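Letters A, B, C, D, E and F mark the chains in the order given here, with residues in each chain numbered from 1 onward.
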Amino acid sequence: MYSVTVRDHVMIAHSFKGDVFGPAQKLHGATYVVDVEFRRPDLDADGIVVDISRATNTLKRVLAEFNYRNLDEVPVFKGRNTTTEVVARHIFDQFAAAIRAGELGTGAGAIREIHVTLHESHVASAGYEGSLK
Amino acid sequence: MYSVTVRDHVMIAHSFKGDVFGPAQKLHGATYVVDVEFRRPDLDADGIVVDISRATNTLKRVLAEFNYRNLDEVPVFKGRNTTTEVVARHIFDQFAAAIRAGELGTGAGAIREIHVTLHESHVASAGYEGSLK
Amino acid sequence: MYSVTVRDHVMIAHSFKGDVFGPAQKLHGATYVVDVEFRRPDLDADGIVVDISRATNTLKRVLAEFNYRNLDEVPVFKGRNTTTEVVARHIFDQFAAAIRAGELGTGAGAIREIHVTLHESHVASAGYEGSLK
Amino acid sequence: MYSVTVRDHVMIAHSFKGDVFGPAQKLHGATYVVDVEFRRPDLDADGIVVDISRATNTLKRVLAEFNYRNLDEVPVFKGRNTTTEVVARHIFDQFAAAIRAGELGTGAGAIREIHVTLHESHVASAGYEGSLK
Amino acid sequence: MYSVTVRDHVMIAHSFKGDVFGPAQKLHGATYVVDVEFRRPDLDADGIVVDISRATNTLKRVLAEFNYRNLDEVPVFKGRNTTTEVVARHIFDQFAAAIRAGELGTGAGAIREIHVTLHESHVASAGYEGSLK
Amino acid sequence: MYSVTVRDHVMIAHSFKGDVFGPAQKLHGATYVVDVEFRRPDLDADGIVVDISRATNTLKRVLAEFNYRNLDEVPVFKGRNTTTEVVARHIFDQFAAAIRAGELGTGAGAIREIHVTLHESHVASAGYEGSLK
């Protein structure tokens, strides 16, 4: 299996509902350093997994939708805890849709899996990985 | 698959038996920067993989049992080479037991896999990953 | 010159006033990974720059005062832009006071300089460094 | 599954053919920081995945074959785009052959998978992972 | 003293003249991960060292002049060994000129020092730092 | 001022004397990831601060004298607490002597300062920096 990973970051505010979150129930924030890994069993004719420029641009576009925002007020996250896990899944879903829509190029249709990892500090990260049909 | 990873470290002395270890047969030591990753297919009702505070506390407890120690004299490692691989497996086993005992909360019962990685320098690491039944 | 550096992190929300901040004028947030470096020309009788346990505890205490908070509502930052630079200076001032108050031990009186660095992402950081009288 | 990872680096020049590469069609270069991870279900009698000294030496040997070179002129890569993915696969193949030839020791025959990752910058990496028969 | 640091990278080919360079006399390449640190004794009225957007854009512009190039053919480096040190100095000079030209904003005139660091691998870096008059 | 930094690591055991060290009074150990930075105001005729191959070899030689050792039994550290600060100073002294002895080449005589930093974990480091006469 071949893979390519690109990285960018996003800076957001949010709050959580639920005793399990302790002090994080208050409005606070995070920098998420986001890694998106694309995986496929074979390379395309150019010898690549994905056009890295397109992948980087899509990551920038996906993050721009909630960068410098309070996630408590971003419609797509309405009524949910925007845990690092949930944000990772959101980014996965956006990339899955972008690939289906051809935004990463026609060759990107051969991508089998996407792994999204969000580093929220030097001691904690979370992620979501899944297959593309 | 969703994941959450927490990090802490431990500073130990030890020695190895076996020609393959060369100079590491002498008493020496290591800092292990330890990553423990929890994996499960779905999030709980709060939108998380695991209570990160509990996970962090359990990691601290597990490491405290041999932090600032000479592993050659720690009973649980008696008679074995405490290679980075072996210490990774030990930490995995401790977390598997902690989850079964409910130490990470009842929701943690849905955790399917744990991946433990020990970074022993800027150029070497080792790990153990396994499923929870 | 000898030095010792300790690291911890804090997760906050805030907003900025001023056109120069562009989209960061909206409520957003950040993880700051904070390094505090202590510097002095000679070591104490134990061979150390500072008691690293005390330094770590003080860092935890200083950060706890605004961890998981919206800095726009934290009194000490009232009416100011809580840029990374300003937060670095605040942490410096808190450590200078802690050393004067003996919180880091009597030997810590020989510390000459403190350098504070806040990493806000994988591509940006800010800091403040100054001398202690 | 147990794992061990070793790291080294290589500094190369190359150029790419294909519109998808944009400015990278010109002769340019890269530092690849290379991680090679060895995976197997059980440890050997010494408690290790692989002799880390041998693994490190093999990595050095494999990289030396094209370190400080223009990959456009290295015979093994003749006529191909030496993308990060392609170089990762090449390193995988070299390690698979080295293990079959006994270069990593007889115990290394139990290694089931190798994962190769090349970090080409602080924001991009690529890799190849596969099973050994 | 306050500071702000921004990071970007560049991928280049080059060769060196001189026995001291050993195998690096051949055409090879490097990724330079570039940190540029701005330092000044006081903050401006907005509470910042420099407009981080402008600083990031200038870094991108300065690197674009030789990104994806063979430095042996870039006029500004003609006849010189483009060691990491020399490239660091070049970037320093470009920023000093940009500040004088007002490209980083009028407030940036209070910047006293610039420190440039180029990370060429996980085990080596080089830099140039100097004062602005 | 120009600089070049090289990195290597060492794995040691030791114990400390003094209540301030708490649990670290017991025999334990550490991995030190060691950075040695060389600084000088001008480059030599080749355009470098120091021959990086020689610098790397000297670092390897200096560390080999106590790598895989119990520092409590290494004569040069006899009767002293081998804190990270003390080990940093030792490495500084060894490099100062090596430069005076010509081990880093005749051009290395122009090196003005050496900064040694030892990273002992992901949250702590210590160092010593000084001038060369």
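The rule is short, and it goes like this: contacts are C-beta pairs under 8 Å (C-beta built on N, C-alpha and C of every residue); 3 or more make two chains touch, one makes a residue touch a chain.
Quantities reported herein were computed from a predicted structural model and do not represent experimental measurements.
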Query raised in the report: Can you name the chain that lies farthest from chain B, using the mean of each chain's Cα atoms as its centre?
Result: E
Query raised in the report: Looking at D-E and A-D, which pair shares more C-beta contacts?
Result: D-E
Report summary line: The distance between the C-alpha centres of chain A and chain E, rounded to whole Å, is 31
Query raised in the report: Distance-wise, how many Å sit between the C-alpha centres of chain A and chain B, to the nearest whole number?
Result: 27
**Report entry** Interface hub residues of chain E, defined as touching at least two other chains
**Finding:** 7, 122-123
Query raised in the report: Given the complex with chain A, which residues does chain B contribute to the contact?
Result: 1-8, 43, 46-49, 51-53, 56, 105
Query raised in the report: Which of the residues in chain E end up touching chain D in this complex?
Result: 7, 9, 11-14, 23-24, 26-31, 33, 67-70, 120-123
Query raised in the report: Which bits of chain C are touching chain E when the two form their complex?
Result: 16, 18, 20-22, 80-86, 88-89, 117, 122-130
